[in-house]
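Below you'll find a set of structures to go through.
Next, two complexes with chain A in common: one pairs it with chain B, the other with chain C.
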Partner chain A sequence: MMGRFLSLFLMLSMSFACSNEKSGDSQKQDDFDRSAMLVHWADDYILPAYQNYNQEVIDLNDAANKFSNAPSLNLHANLHAQFVKAYTAWQWVSFLEIGPAEANSLRNFSNIYPTSATEIEQALVNANYNLSLPSTFNEQGFPAIDYLLSGLGDASTTVNQFRNNTDYGRYLSALTERLEAMSSQVLNIWQSSYRNEFISNTGSSATASTNKLINDFIYHFERELRAGKVGIPAGVFSGSPLAQNVEAYYSDSLSQTLFMESLNAHRAFFKGSGFLNGAAGNSLEQYLNYLNIENQGELLSAKISNQMAAAESLAKVLPTSFSSVAANSNQDLLALYDELQKAVVLLKVDMLQALNVRVDYIDADGD
Partner chain B sequence: MCKSLPLLSALSLGLLFLSSCEKEETSTTNPSPSLTAPTFYTFERNNASSVNFSGQSERLAMGAELSAALLDFSKSAQDLQEMFANTDSLGNEVNPYTAAALNASNKSIRSKVAASYELFSANTALSARIKADMKSFIDLQVAEIYAARNVAASAGKAGQIADGSAVRYVNAQGFEYNEFLIKSLIGALCVDQMLNNYLSLSVLDEGNNREDNDNALLLEGTNYTNMEHKWDEAYGYLFGLADNPSDPLVNLGANDVFLNKYLARVNGDADFSSYAQDIFNAFKLGRAAIVEGEYALRDQQIAIIKDRVSNIIGIRSVYYLQAAKNAFAANQPGTALHDLGEAYGFIYSLMFTQNPNTQAPYFTDQEVQNILSDLSSQGPNGLWDLNAATLDALSNQIADRFSFSLNQAAN
Partner chain C sequence: MIEKLKYYFAQSAKAEPLAAFRIFFGIMMFSSILRFWSMGWIEKLYLQPQFHFSFYGFEWVKPLGVYTYLIFFICALSAVLIALGLWYRLAISIFWLSFTYIELMDKTTYLNHYYFISVLSFLLLFLPAQRYFSVDAYRRPQIASKLIPRHSIDAIKALLFIVYFYAGLAKINSDWLLEAQPLATWLPGKYDLALIGSLLEQTWLHYTFSWGGMLYDLSIPFLLLYKPTRNFAFALVVIFHVLTRILFPIGMFPYIMIVSALIFFDASFHQRILKFIQNIFRLPSLPTHLPTSDKQQNRAFEKVQIGFITLLLISQLLIPWRHLFYPGELFWHEQGFRFSWRVMLMEKAGYTNFKIHDPQRGETFLVDNQQFLSAFQEKQMSFQPDFILEYAHFLEDHFCSSENRGDLQIYAESYVALNGRSSQLYINPKVDLSQEKRGWAPKTWILPFNDTIYGL
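And then the complex of A and B:
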């Protein structure tokens, strides 16, 4: 009997709390121009970001072929510099796992880490690898190239290894060639057909472009930025730090840079900054402001921006190698994770509720 | 729309509270008010533990090794069959496991498959067919999957396929035999032994068990009565691999790929978030009741365990069918096939459930075979040919038999 009264009370108080929680009468009806937002996303962010990435992997493949053909310290330095540029450009397209990128598992084939040194060594000796198989996710892409460039030893050791055994050069070129082929394919499909499909799928169903890309964006923020780059190496999911699981582990001092690039990409996309000139267009930020969504007396869009800025201010003062942070001052990575998690809640719970978008992914089964 | 959603969920939450309150009132009435569930599953006599389920822990550990070995392409079918049986085909002793303790054990998974007193003591034909099904999943894993491991799978073609960043290995019809086997064993081993054997009154109260238990007559060379031990063995099939089996809800699901893992999954769904505590409490209170000779109280706990454990199998069957439907819609066939591999095993397991009201399985063997046939034979390419309407129809067919709704199970 008491139980029933209690639950009735809970029901009433919860529905009361719910009606309070919204911004009430001030929230407008949703007739935001989603179509204009899709056009802005496609033309001012997605296409130029893919074009930029594609050029960087073309240059990466050139640099890799030059090094493989005639390994030298000079060419190794050039190649590694281009590797950093391409890996940086990747951060801006990584979350766009929609359309041709989704159909071709672009992210899984480009950036699964930690990579497997053992499987790479086996594959390059056997020379009968099939890089289109999912079982080779951890033998290719940027993490595998990172191993070949920086995981064999210092630069002169690496050069000697490539001189003494041409299997390494052949495999390296196969990896960069595949990155280039996948990137070109995705860009071509966006240019030839998918852009129009994307901008004309304007509805608000689960398969509409807006709903899908917002989900891809939040998924990436949660799983790749928060978990992959920070939480997993910090040991949030395993109990103790896993320093070897950082992005670009072998280059060692690259993980902070890649994190910052990825965070900036998420911020730019949220604010609607164009990829090339930063000009703002219809964006998630404007969408939330248009609906006048508030959260605890403050604009939700401002809370999200402030939360991303809070994460940035922690990250930018960290050492450039997240693996050494995980090993030596892991509490700093945990603090960064906590700030990112606060942003995840604002995006995944508050923003999605305000925009009436359902989460289309669930916690992976892990088995 | 925005505003109605939270109100709706608050309402349904309120309803949930209401219904769960009602359940508690009816199902846990305590005829012996002085007796309450202890905090831990810890029972002692003469200053020593009277709890023992080492045989169950060993079989679950053997199952974990077998589960991993199914995707170790260096194994032969014979290697895997020996891990399943812990003998060779002639019944000779073998040492197929990595853990020395398991090689030293004389326990066997195979001997306890479809081997409960209630369902199989007078139906050895069905028991033999089920054992043969398990054996054939293993043989087909090697024959059809191992050979194709280095090619990409597609409709009508065996090979490997991506499920997110994971890799799955399927035959030409999309069958993931390792999933079929392990998930079917959740029913054929864990649920069958627990619900239809050790929690069966025919087993608990067999012979002089009640009298012996009342007189604290211990099994020779042990510290427990026969009835206490039967109860512990039921407990062991769910909690036998826990870090601390007397306090098993800490890290629930972490060490065990069988029933325990899916209790954790179901319990993680807000619609069923009392399941783990309900089952653990029922096991503790039932065991305490046995010590006190309070058999009516014991039997009430049996009903709770049978209901919740059976529901886990039903919920996960529906959950994976719906997950597969969503994955097909999102054009993620590898994810869909993996979900269907899990669904296949959980549906297979339905025939080992037991409805506490009717004392019968929620689905008969024949009904299960019909569902599995509908699932796998929609077209020449098997699971690849499934459509949303069929998956919804099968989901409803299963959910309708239980007290949960399709939507509760699906999220």
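And then the complex of A and C:
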């Protein structure tokens, strides 16, 4: 009897396979090339963005060492300018928490804010600090460097502080060196092995590259861009504004720039613009258009782009310091938060459903 | 009528099908629990989350910390005893209780097939599955019998009949048949499958699978019951469930259904299976002098059993229709959606945030759901109203006690998308959920669905 079942099964599956070949011609043949999308992401966005970031933190480390060795107003200005460049470059790689970046908790070690001035002051007098402990997230990375460069007072006060107490210089160099080491490590692994792993992991499971990176992207948009940079300082989660919780709090006028960079990075990734020349390749936008996903009579991809543009137009007219916005005209930050929130709904509900991407970390059964 | 029933319940049937079913059931359950455990899901689903979603009325059923493992262990052990037919009544009772307890601990993990197992094991409680080819029968020849009441096999068939047929009825709706949803959303996501991957993007295939699935569910119980089509039907069962196993993450369910469908085959088929098992394990031969009547059982006890079985089957026929008491679109409000064999019908996703207003302190703030819920819980909470309400109440209690606040108002900002439609506002954002009661009354704070789905 089993034999009969088996032959029946074979017969059915064969007729199945044959009928496919015939009707295949009339159907759309130009399958969206998802592996090409992965290659495009890896080669035109991720690798150049990491290379750019790595160069900026190498330069940052140089500038920090020069300043630490011979603190001066001039070198402080150079260092701060380089700090801005490196922090800006960071915004383009921050959401890529996959592969070596994920394994090394790159984001947590690079950009946890608010930083803790008290813990930094305690740590820097101690010559053998261990910056690889998770408990030191808020004593290192860009926010801690921001504190050392701009949190001690104005430029001349800072220079004096560094001159009088070499603990500051030593700690600063340790921080920039660590940023450089982490960045180099991530870049090296991407170049030597992870790129190939990334582009060949083409499946549709929860751990496949497409699924993971889309989840990372949305997670970052929701929790870092919407909540971290805007919602938390605006007091959305606490009831009253928390002006000191903005990104780059001590540099003061940097928070808007960093927000805009991050928003642009998200938009470039969504649209598939290459990092260096903006050349478009296979992207989430094209993927949605390929599936012809409409949302209330409009292309979903267009709605998402428009929503990001709406957030941008609100953000670009804001004062450069989000902490002063939070303190003086918080309703503007709240309005920006609302626009970002609308984008999150489109990305997290409509786009994820359309692309049939399963939400991260969930591998339980369905029925 | 009464005479006919009396005649029916007096009939006997060969014991082999039920004995084989018992063995398969035990093995399947044991391996399911083993799989669940080895995936690390006990830890992830029951130990890590700090909050658990309860079924209304079963709030007292909670994970027991590290002792949760013990429940799973007991459950697995009882499954082995069921397969062996050792202390059968005790084993199946413990299995039913422990399995059901596990399912009630957190409704985040609710699956129709877990519910099926609970119902089936409750049914098995009243069936004499230990009378043949079991350790019990070997040790206590006085209970052994080659015959069992006919209704004990028919009851299992009836349950399977209901599950399939109701699943088929539920598929008669405009989303499933006219839009091929949600398959049109799910199947293209499996583009990477060998051989059929690129096919899964074809629209005609979505419709074929939708209509085929509906016709399969509606017809398969008849095809299995009718002897001339039985072999063909079983082949369909195998193909259908293997296909669902390949396409969807549904764990052990397909195998359980395939094996369960064997109950429709004649005793001679099961005889061969049992013979096969006997040969492999070199089991002692069954006594040849087994009574060929099943009259030895206590008549009163049997009447109680028949009563329970009848009640169970009637309730299974009725419970899936309870959604008729609720106005609006069932897929949208989900009142009466569970426990009614509505499987694979919806692709639903949501995004729900909670705003807490403290009138005394004049503060308003949003909640970071990840502070309290696992990613899985947040996902399930975001589109199911009973979850949303329960969580809102939890948030009220949490912020009242941990931050010493007075009366709080809890508002949900919720967007939900169903079967490929645009997301729309789901919960009335003006309703203070802290004032709404849990229960069976219609939930008036769910906003109406912007579209119509026709059908059952």
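In this text, the second predicted complex is superposed on the first by the 329 of 367 C-alpha atoms of A that agree within 3 Å, B and C clash if a C-alpha of one lies under 4 Å from a C-alpha of the other, contacts with A are read in each partner's own complex, and residues count from 1 in each chain.
FYI, a residue touches a chain if its C-beta (ideal position, glycine included) is under 8 Å from a C-beta of that chain, and two chains touch if they have at least 3 such contacts.
Computed from a predicted model, the values in this text were never measured in an experiment.
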Touch count on chain A, higher of chain B and chain C: C
Partner chain in contact with A:Q331 - chain B first, chain C second, else both or neither: neither
Partner chain in contact with A:N277 - chain B first, chain C second, else both or neither: neither
Partner chain in contact with A:V344 - chain B first, chain C second, else both or neither: second
Chain B versus chain C as contact partner of A:N126, first or second or both or neither: neither
Contacts of A:T202 with chain B and chain C, given as first, second, both or neither: second
Contacts of A:Q353 with chain B and chain C, given as first, second, both or neither: both
Partner chain in contact with A:P134 - chain B first, chain C second, else both or neither: first
Touching partner for A:I112 - first (chain B), second (chain C), both, neither: first
Where chain A meets both chain C and chain B, residue numbers: 4, 8, 27, 353-354, 356, 360, 362, 364-365, 367
Residue ranges of chain A touching chain C (in the complex, touch as defined): 1, 4-5, 8-9, 12-13, 17, 20, 23-24, 27-28, 31, 34, 202-204, 208, 227, 231, 235-240, 291, 294-296, 344-346, 348-350, 352-357, 359-367
Residues of chain B defined as touching chain A within the complex: 1-3, 5-7, 10-11, 13-14, 17-18, 21, 24-25, 149-152, 160-162, 164-167, 257, 261, 265, 329-331, 334, 342, 411
Contacting residues of chain C [partner chain A, same complex]: 39, 41, 45, 109, 111-113, 185-186, 188-192, 195-196, 198-199, 201-204, 231-232, 234-235, 238-239, 248-253, 269, 343-344, 347, 349-351, 358, 361, 363-368, 374-376, 379, 415-417, 420, 422-423
Complex contacts: residues of chain A adjacent to chain B: 3-4, 6-8, 10-11, 14-15, 18-19, 21-22, 27, 102-103, 105, 108, 112, 130, 132-135, 137, 207, 353-354, 356, 360, 362, 364-365, 367
